[in-house]
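This structure is in structure tokens; I'll ask about it shortly.
Every chain is named by a letter (A, B, C and D) in the order it is written, and numbering of its residues begins at 1.
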Amino acid sequence: MTIENFNTDRGLALLTVMERIRAFEEQACLAAERDKLVLGAIHPSIGQEGVAAGVMSNLNKDDIILSTHRGHGHTLAKGASSVAMMRELLGREGGCCGGKGGSMHIADFEVGMLGANGVVSANITIAAGAAHAIKLLGDDRIVVDIFGDGAINRGPFLEGLNWSTVFDLPILFVCEDNQYSATTKTSSMTGGDGPAARATALGLRATEVDGNDAEAVADVAAEICARLRAGGKPEFLHAVTYRQTGHTSFDPAAYRPEGEAAKHRLENDPIARQRDILLTAGISEQALTDIRGEAQAEMIEALRLAAASPFPDDDTVFLDVQDLGSPAVEAY
Amino acid sequence: MTIENFNTDRGLALLTVMERIRAFEEQACLAAERDKLVLGAIHPSIGQEGVAAGVMSNLNKDDIILSTHRGHGHTLAKGASSVAMMRELLGREGGCCGGKGGSMHIADFEVGMLGANGVVSANITIAAGAAHAIKLLGDDRIVVDIFGDGAINRGPFLEGLNWSTVFDLPILFVCEDNQYSATTKTSSMTGGDGPAARATALGLRATEVDGNDAEAVADVAAEICARLRAGGKPEFLHAVTYRQTGHTSFDPAAYRPEGEAAKHRLENDPIARQRDILLTAGISEQALTDIRGEAQAEMIEALRLAAASPFPDDDTVFLDVQDLGSPAVEAY
Amino acid sequence: MTIMTYANAALEAIRQSMQSDPTVWCVGEDLGRGGVFGQYKGLREEFGEARISDAPISEAAIMGAAFGAAMVGTRPVVEMRFADFALCATDELVNQIAKARFMFGGQSRAPMVIRKPMGLWRSSAAQHSQSLESWYVHIPGLVVLCPATPQDNYSMLKAAIACDDPVVYLEHKNIWALEGDVDFDHQITLGEASTRRTGADVTIVSWSNTANLAVEAADTLADKNIDAEVIDLRSLWPWDKSAVLDSVRKTGRLVVAHESVAVGGFGAEIVATVAEQVASSLKGPVRRLGAPRSLIAYAPNLEDKMRVTAEMIVTAAQETFE
Amino acid sequence: MTIMTYANAALEAIRQSMQSDPTVWCVGEDLGRGGVFGQYKGLREEFGEARISDAPISEAAIMGAAFGAAMVGTRPVVEMRFADFALCATDELVNQIAKARFMFGGQSRAPMVIRKPMGLWRSSAAQHSQSLESWYVHIPGLVVLCPATPQDNYSMLKAAIACDDPVVYLEHKNIWALEGDVDFDHQITLGEASTRRTGADVTIVSWSNTANLAVEAADTLADKNIDAEVIDLRSLWPWDKSAVLDSVRKTGRLVVAHESVAVGGFGAEIVATVAEQVASSLKGPVRRLGAPRSLIAYAPNLEDKMRVTAEMIVTAAQETFE
């Protein structure tokens, strides 16, 4: 492989982000399975890191993203603190949502991450609205909403994409297609030619990309974001990837054809592929090992810190419900 | 105009149905505006009769249709009694829904008409389910669901069409595109290339037709129904027409460009166009006048009978709520 | 002080709010032509397309997009046209809007008003007539308002738009044309009930259009030498518990009346609260009026069977003396 | 009589119903692999793809299509996965399914069961933990069931599938593994409460998993010489008013306890009904327990603050003697 005009800095940055995501989720899975410290469900994005890294590398801190139940990677890549995120997964004080949201509702408004969502597809219209506000306010930020392949079968997909074209909003919809919806092969429940065809029919320019090629994702997202920043119309990106784990950290995913996951792990892992690219580009094995080592050290420390954090103060259960009326009515 | 292989019987039948629909709705509007006998809103389909006539001419009595708030035409064309329908519009005993539904919930299960619907787009998934049952039961009926151009912007459009392809159901979706959604020009709120493009993206074979050419609608619907009866996949028909009246019988529709409605009335009325075809095919003016006269006489009589009917028995307010529990709890 | 209709009072509240705060905007189907009940007439001319925005027929997107826009610095007024259609956006309202602030640990607000015209309105039948206020009161995170007069529709809508909580704003469709004095300077504190009539003998608690019927009933009761106090809750969440409890402590008798279905209606909450907290003050049986647990039919006589009327309130009040 | 889990009791009810009636079928996401809680395990092998049907992630279509199929001669069992997601299909349930029979003048029925696993379940947070049974009780046309034991989950689900009304069937997610005796011959009449314990001193009314806590509480109360009667309503619509009123007439004391938010919860309906109809039998204050009007958090300690516990029921029962 020869690589012309290769941007080494970006290449290393992409790898770093992916390694950090992988390490974060490996620690999160350990915290769940080994330590029983994560009590709610977690949905790892192991094997899908290329999409998060590639897309987010083109966003500024004040650009906005929204994500799904499988959103650790997007959130980290957008710049959230791994410690605050890990605390959130453990339901602790100092978690980015004060321990109230957990993995499925992770959010960090400081870095423009307006929330994962436990309801499939729900963020699509909300993201369109965020872009709508940007346009109303005459702002120059852009919005990226990421959702899964299963989300394209719910109504909000149509309503939100239609909304974005009708109001001509600065938004990129990314379908992170890991080929499964929980235990179901998504294609078996999806009519027609899939995500991009639907988006095109709704008036969006749609692009397809190999989601496990972080460089390709970064390239195509760069072009799209540039168009959006130049006042372009809403766009759609279909990034094909693969979920190497079960649906949740506890799901053995026995419903997959034998060997399928193993093949992807061996031949189509976005981190391994990026490492190969970097090696070809002349980066030393040692440099790559260091990146991984640092990522792992960061996340081991994040878990240690999170586990040492107290649970939130009991009284916070009545905080941030709403301004009017007391939530603590004499219910019990 | 020369007409080869023209099917005179069908041509006359199409005209007859359209004249009956027109006459029914003219009487209904009089009952509403002149007589104040229709208390709820009615949504006339005047100018759109070609779609109802053309599509329904291909259905058997036990085939199933579902419709919208603008459903008088479809219901009549499917074979419902004009008297029972008029009684329903007046909220009388003997109305097809016992006076409980009114215009927006007109239904006649005897002729396979499973209901108009007051919620835009809602019947799309319900119709898919009716077709689903047919398939489960191993029946050979088909289902037709008709909805407006505004309905394609709601989620159930995507969910219901996707459902029909995933389960490969015997259903035809008809978008009766009268170009308006209430006071809004639908195209201004619709992204992309419109109904057929969306249906195609969802995996349905889609056909476009001039909805004011009843012959053309009948032809294309005949082909589609034949394919469905032969076990074919779900299909979509986009029939373009024009709403000659306001949204409701009380709406002056002043928001339309000047002259637009008049032009359609003069040049694009489906009844006038069908009459021209029949004249060209050698039918006498008198024969056409007779058809109209009979239709008008039928509907004047229907209104007379309806107006003479009593209101439903008060006790029916507690009938047909549900089997379990009393609806007449000591509420008042 | 001017005389205005209930509809125009709301329109004026919106106009003033939009004038003073450029982040306020309205979105819903057909708004550009004034909205289905004319509640937005003239506003597009004044504020333009972007701030009086049409919408595709897509309630989920209207609700969801408005929420997204509320999180990003604007204050949307969402028009749902008929309260019934808001059911097409229930996930957005209940799982998203009501929960976001808490779920995200206080990082976000959803300062938005969701207008949902509700209630019985001449032969509109089962899908265009519902009153589901009790649903929303049951959902933590939401404010629930039910104005009954032009003044309240003006003052409450202004306060709702200024409020940082998501507000479910339930206007009654049957009183758009109701006229009354409106004082633009009159401010109200959301959550305070309005005592529409003071009285010593029996407390009648109500809201929305039924509160107007309760005032009528109180006049009739006065002729029968029963001095009724009429409390128009106006705000169901928060609700003015002390106004109700104080009044019952004073009168010793309670009637609660609402248009919505009695079973599981918000009237139950009021009666239950009274039973829990001031049972010993009661001098007679409490009475609760609401619709039977049946559906709203199209035929006018059947529709009427679902109504709570002023006469029924009179009778119920008399029954508290039995 | 066999010992079965709550989940398997339901599975068996479905299996038997499908065996005896070929028009019964189940539809929902991931059903082919047994469903998200394993409640459909093995059924696809026995009944095939068409009758244990997967579905796209599209709750509105699942609900709407099942309704269409119910009108055309089949009896669908709809799986909503988490009760929370059913909010994505609210129009379908409330505006369509509940109303069709009436609106169409009796021409149609919607014989379908909508399974909505509800309630608190280990750190599932605000969008996967709700209990909204009071909403559905408020909607004419719907039957609302909340089984609390394996036997009831078997008998009630069988009866629900056989019932011609649309049934909202709310299983509690936290007791899938709860074991108990199940007698396949035991039939129940929907609408009849189950008196889980008879007692003379105080009536405790509850349902769903909270009824199990109420039984625990009654045991503790017995140690304190308070003889509690525990009424597990099981069916919220219709609800067994006479069982509750008779019991209160006997004991003169009432506690109502449920997991859902207290404000606007169905407990209010029960307390209100008692206050209206048997107030004079009451010998002490009534107590109503439900969640505060806050949201369900992820952190376990905050989640616990939203719980109604057996201890709280004990205390409330003691307070009725004050």
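Operating definition for what follows: a residue touches a chain if its C-beta (ideal position, glycine included) is under 8 Å from a C-beta of that chain, and two chains touch if they have at least 3 such contacts.
Bear in mind the structure is a predicted one, so any value in this text is a computation, not a measurement.
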Shared interface partners, meaning chains that touch subunit B and subunit C: A, D
Distance-maximising chain from subunit D - centres being C-alpha averages: B
Rounded Å distance between subunit B and subunit D, as computed from the means of their C-alpha atoms: 40
Centre-of-Cα separation between subunit D and subunit C, whole angstrom: 30
Whole-Å gap separating subunit A and subunit D, where each centre is the average of the chain's CA atoms: 36
Residues of subunit D whose C-beta touches two or more other chains: 55-56, 58, 60, 84-85, 88, 91, 95, 102-103, 125-127, 140-141, 237, 261, 263, 293-295, 297
Touching two or more other chains - residue numbers and ranges from subunit A: 95, 97, 99-101, 105, 117-119, 153-156, 158-159, 162, 166, 188-190, 321, 325-327
Pairwise touch network: line, ring, star, complete, or other: complete
Interfacial residue positions of subunit B with respect to subunit A in the complex: 153-159, 161-162, 164-166, 188-193, 197-198, 200-204
Of all residues in subunit D, those that touch subunit B in their complex: 23, 25, 50-51, 53, 55-56, 58, 60-61, 63-74, 91-92, 95-96, 100-108, 140-143, 163-166, 190-191, 237-238
Subunit C partner contacts - residues on subunit B that touch it in the complex: 39-41, 88, 91-92, 95, 97, 99-102, 104-105, 117-121, 150-151, 153-155, 181-184, 188-190, 255, 311-312, 314, 316-318, 321, 325-329, 331-332
Residue ranges of subunit D touching subunit A (in the complex, touch as defined): 29-30, 32-33, 36, 54-60, 84-85, 88, 122-128, 261-263, 289-295, 297-302, 305-306, 308, 312, 316
Complex contact set, residues of subunit A against subunit C: 64, 66, 95-101, 105, 107-109, 114-115, 117-119, 122, 124-137, 155-156, 158-160, 162-163, 166-167, 319-327
